[in-house]
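Some structures are shown below for you to check.
Look for chain A in each of the two complexes below; its partner is chain B in the first and chain C in the second.
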Partner chain A sequence: MGEQSKYLPECPEMGEVVRKLTEEYGGHVIFSRESEVYVEVPRHELRDVAKYLYSSGAFLKTCAAVDERPLNRSFALYHIFGMDSKGYDVIVKVSAPEDDAWVPSIVDVVPAADWCELEARDMVGIELKGRRLVRRLVLPEDWPEDIHPLRKEVPHDFRPPSVKAESEFRPPERGIPIGPYHPVLHEPEYFELLVEGETVVDVYYRGFHVHRGIEKLGESPRFTYQKIPFLAERICGICGFVHSTCAIMAMEKAAGLRPPERAEFIRTIVLELERIHSHLLWVGVAAHVLGYDAGFMHTWRVREPVMILSELITGSRKTYGLNLVGGVRRDIDKNKMEKIMKTLDRVEKEFKELANLLVSVPQIRRRAQGTGVLTRSEARALSVVGPVARASGLYRDVRKDYPYLAYEEASFKVPLYTEGDNLARVLVRVEEVFESISIIRQLLDKLPGGPIMHEKCSAIIPVDELIPPGKYAVAAIEAPRGEDVHFLMTGEGRPYRWRVRAPTYQNIPALRPMLRGDPLADAPLTIASIDPCFSCTDRALVIDVRTGRARTIKLWDGGVGTCRL
Partner chain B sequence: MSIMKLLSIAARAKVVTRRYPFEPPVVTEGFRGKIEVDPKLCWGCGVCTRICPPNALTLKKREDGTLVLSYFMGRCIFCGMCAEVCPRGAITVTKEFELASLTAEDLVRNVKHDVVRCRICGRVIGPAVEMREATKSVGGAEAKYYDLCPECRKLVVARGIMTKVGVRP
Partner chain C sequence: MYLEILLATALAVAGVVLAPIYDALERKIKARLHSRVGPPILQTWYDVLKLLAKELVIPEGGYFTAAIVLTELFLSIALLVSVSFLLFFQSLTMYVLVAVFISALSAATLVKSVTQNNLFSVIGGFREYSVVLSAEPFLILLVLLIGAKGVSDLKSLIGLAPVVLTAYVMTARIPFDIAEAEPEIASGIMIELSGPLLAANELSLLTRRYVMAALPAYLFLPWFVANPLLRIGLGLALTLLTWVIFAVVAVLLGRTRAAVMLKGTTAAALALTLLFIIVESVPYG
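For the complex of A and B:
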């Protein structure tokens, strides 16, 4: 890895952080790129390093556990810290030898590390030292103790023998269970709301019912770099293009190639179209949750032309299949441009009218205002992302903080509210729809000519040779729900490790402070207000949310599989 | 007040729901539906089965000595990558999407190919059409080897050379 200090002088602050990590904490740089630096630190220094980075303004994006035993007989944990205000990532690696597999937990320093640490324990089997609450997050209760699915010796199609449940589900004494299958949830997930009278006093969450092992599948011989975009697109049914683009950005970074400008513009346009349809979908669902079904139906009527437009541009209403490593498969011609402009004009006009109406309905206003409040400091501690962060006064937007694709070519503003309540989250999303419409207009206006596919790539040429093994890459995209992060470690012809952190993964822990102290009747709206996408979140692991309180209540005997929010 | 506003929006929007299936669905010119494989053009080379992300296209060897390119719509994600890579242009992406059926067999389309076997050892060399088309451009001395598998071909050629130079094989 000879390129290790090539880019360092270009970003002085990054040099300062690297100096501190290497000189004071005994770390060494293992890899670096313009906006990423990978530093390995001794594991006993990890907590101090995390404390230093967090206090200097970093957000924890996620952590990724890797079984590196075939390479160096040890396990590794990569903590991805994003310096939002400076626009670069610091990836801190700690190793643990295979016969002594533990790393220190940083949850008390960085609360946002809660879920990803538990996921590392479940999936790779790294023990966490110094953690008060250790539970299963991703794996089901009856999964065998000693099998960690992301270890390399576990085959990708492994199925454990079925076992009889040792404990039976016990209805909680005073909790209100919602899920895993429930009419207000569109995906299986389990919430238990503990109430005193009408007031919610605590929340428990159990997820990962729809965990499909996509990360493991991506490492299996069944897949190649050419096919992974299509797999990544299926992580989410709403923001699939975000995942496929993010996976491809990571691969392109690893390959060191940049797609042609026109392809970057087309990707950006489709990403923004996806944001419009996702936000419209959400506004409709929010109206539906509030019992205002007329609002729901009209919002979805306004959304429909966007879906038809997506099909025209990409070939499908969802799961577009547009992306390949090195570019896109379909061009946007004059005729399509006109149709996009026409549709946007229509959507803008109709949604403006509808949004004004929706927020002026007194019943909606009263139920959304002042409910589900997430304060700025809670939002910061949990490193929440997307509209949830921006409604709590946290200025975070990957499009501005780490400009990617063609976002630097468009001028747009990031809506920011400080109230942190459900109404603020509605307003942020409503405003973002209009910003997205403006971004697409600007980009279409500037759409550069040229090819849409890199000269070295095509559908027929296998890209495997372009992506050398042993490279790292972190890519992030502002999905409709917030920051989506893909961590890639390349292997022979396919990823060695591919870690996906969907936005909802980061936002679910924030539900606990939001729901506590609110009337029970507001809970459905508050749960919906983070725009949860469980399929995204469930793609791989387990979580635990830290609490300052000593009381713990178990949902099941044995307690495994229960997560406190 | 807001009720009146909503009523005016609704009055302008009118009825938007289509009477599908009695009315045709909205399918744009960009839409990708199921694929069709033209058996006259397909050579059975199997490039499409390698690119297919969900393995909806597979190339199977049957016991009766035929090679079958099998398309299972139940797995297809309608990405159209197969049509993009097909060297023969045998695959077309249609706009058909109403594929529901009561039996899984209805969702399978097979293209059968006869195979060519090695004239000496009997091993399958490849699909007959591909062999026939490929050997059209082969003439002269090579033509007599085209129905041999690579191993037997090596042996035959080596024997020929050795006989020529007078070494007994």
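For the complex of A and C:
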């Protein structure tokens, strides 16, 4: 109780949740911080705890399975519940002894747990009790039954022999295959649409074709805390900075240090720039999917100055390499500020004209309106994130719910629509571009002076020594596609477990209700409307850090799920 | 008469050569409207020649698909020849011939799509069917009407409207490219084609586009312009103009949905055709 009383006065609701979890469900607090509390509950209570938390307004952010056998001879599953309206996270831990490795499934209570439970089963080998449908999610069919890559005894460069493919769950009819290679999917994923005439009646999805085991790499000896942000940035080619910042925020939390204010402002500005170019990219792609290539080309023309601006600020158009634990590597001087302001004026003016034109093209309006509808209750049940949630009337935005970096210094609106259709998702993103422009302007106006790197994080003291082992941290950032979550459990000089949950991971399951009953012609638009980022979801790309060279590994050399460089 | 046959044939040959050049021009126009530079004017010919140099891959539909693709090419060239002859010979037989070739060409495209053993192609085939249904009957009716009665009055030019509309639909440009619809059904009816077969398919599509751009001018010109050389000059110029207009329209529009398109264009084509018939049946004075 001593540890709990520490934060009870600060946040009474959090105290109430903790009291309930400890007194009624037999849990005990294992770790806590200002806006996070970690409670271990007995596994037979997990379903009731999940039911209680979900009914009291929590969203499931994700769950993270950890092989804790070297520490306490058991496996653990951490369910991360976010109390969005209150601004804190409740992380519920359940343990399973190594010789009896199962946890109860909560998927019928919390549908959003569907994927992360299956991933826990694939990657760590925790069995799920009480789950109706158990299938492989991440591991390929030819992966051996008894090897779970995230178990500690599996080396990070382990490459198993291919085994005979097990029969996979498939719907009985033959559907329309969209993927793994399809013009509208810019990365390999597989959707099978079952149609009657031109109407979609059901959807079958298979992803993770290019899973490269980045989480495992992060735990491997070749990575340290200071290198991981660079690895994290390579999770995604569009919102890489989100991942690098999110990983760093988790590490800084664990180290208990806060970067200088100026560094926080710079990170926020770059994050918003990233949102602008990501949304502009998406608007262009949406126009292309609808056969309106003029819209595509012009959106990308408007986007180009933003890319040039990114290069000016960070040195690269993409994959900035700006972040270090404790601060940033480049400052924004007066000259750059002027250029940013000028570019933003231009982008705002041009995009305003273009956006008005785009939504007035009859084919776009007619096809986006009323298609791909996701109702509020479906969105809530699946804990969808980002523009997808906000277009379905769910007020969710990490920037407001869990203010981080310099977001409290800027005033901005969170666009909210209740229609839940493709048009609503277009409009949310269009409005967010203007909000982001306004945020950057405000932050530049207020940009504080001072250093851009924390004094402790000098070259003399390696960062790895600042982050003690045995700490937990959850960090979340509002990426262009929604909430990005990084869960960190620290180890000696490197993470013991690093879990990344990209926004698309949370949104793909929502495609099923969205696609059902819609015309086949609109299916590509609906799939595109969640702005899917499969590389984030799959945590796909492998980078040789020593040479900085990216290399893609073909699907047929070695199967999916290996993490060899 | 021999001179006219010669001229008509030359015009048809010119059409086959010009179609890919006009296509490259269309790409250029599109690029300029997109604020891009665009390809050189011979790019489509380079593409076709390159495809012809590739190895022949027989698609999953077997030799039948290949045969149909070639038949389609022959039919489109035959259609171009017959349309070129319209400029000099206005007997009803010529118009019937044009109608028959238009119909046969559409039939070949449909057959091509269902012979390929591919779901996308079959969906594309159904979509092609709806495109054809919404425009082709009216176009054929208009061709036959003009052939049977002739047009001599300026008010008959009202017939240009349905001809241009249906001709545009038949070019399978956006928003009527739903049978191909690359981002949706991965090129639909063309999905199984590659190399020389794709080149043949491309050439027949472009020839068809040339015919559809030429048709409005070739249907009406002979009734208004007496000098055959002037007819040729005007015919070529108007074909180019129509192609350019079609290209610009295609840039401004997005792709439509099969069901929406069928209703809208059928209604418009029907209304305009009826208007033409009514105007034509009103006696002079």
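We adopt the following convention: the second predicted complex is superposed on the first by the 516 of 565 C-alpha atoms of A that agree within 3 Å, B and C clash if a C-alpha of one lies under 4 Å from a C-alpha of the other, contacts with A are read in each partner's own complex, and residues count from 1 in each chain.
As a convention for this text, contacts are C-beta pairs under 8 Å (C-beta built on N, C-alpha and C of every residue); 3 or more make two chains touch, one makes a residue touch a chain.
In this text the structure is predicted, and so the values were computed from the model without any measurement.
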item	value
Combined model on chain A where chain B meets chain C, clash or fit	fit
Which superposed partner A:V154 touches (first chain B, second chain C, both, neither)	neither
Partner chain(s) touched by A:F230 [first = chain B, second = chain C, both, neither]	first
Which superposed partner A:R301 touches (first chain B, second chain C, both, neither)	both
Chain B versus chain C as contact partner of A:L312, first or second or both or neither	first
Partner chain(s) touched by A:E353 [first = chain B, second = chain C, both, neither]	first
Chain B versus chain C as contact partner of A:R366, first or second or both or neither	second
Contacts of A:G321 with chain B and chain C, given as first, second, both or neither	first
Minimal inter-chain CA distance - chain C and chain B, angstrom	5
Touching both chain B and chain C, residues of chain A	294-295, 298, 301, 361-362
Chain A residues touching chain B - in the complex, by the definition given at the top	222, 226-227, 230-231, 234, 294-295, 298, 301, 304, 308, 311-316, 319, 321, 329-330, 353-354, 357, 360-362, 459-460
Interface residues, chain B side, partner chain A - complex	1-2, 5-6, 9-10, 13, 16, 26-32, 47, 51, 53-55, 77-81, 84-85
Partner chain A, residues of chain C touching it in the complex	30, 33-36, 119-120, 123, 126, 174-175, 177-178, 181-187, 251-260
Interface residues, chain A side, partner chain C - complex	174, 176-177, 182-184, 198, 287-295, 297-298, 301, 361-364, 366-367, 519-524
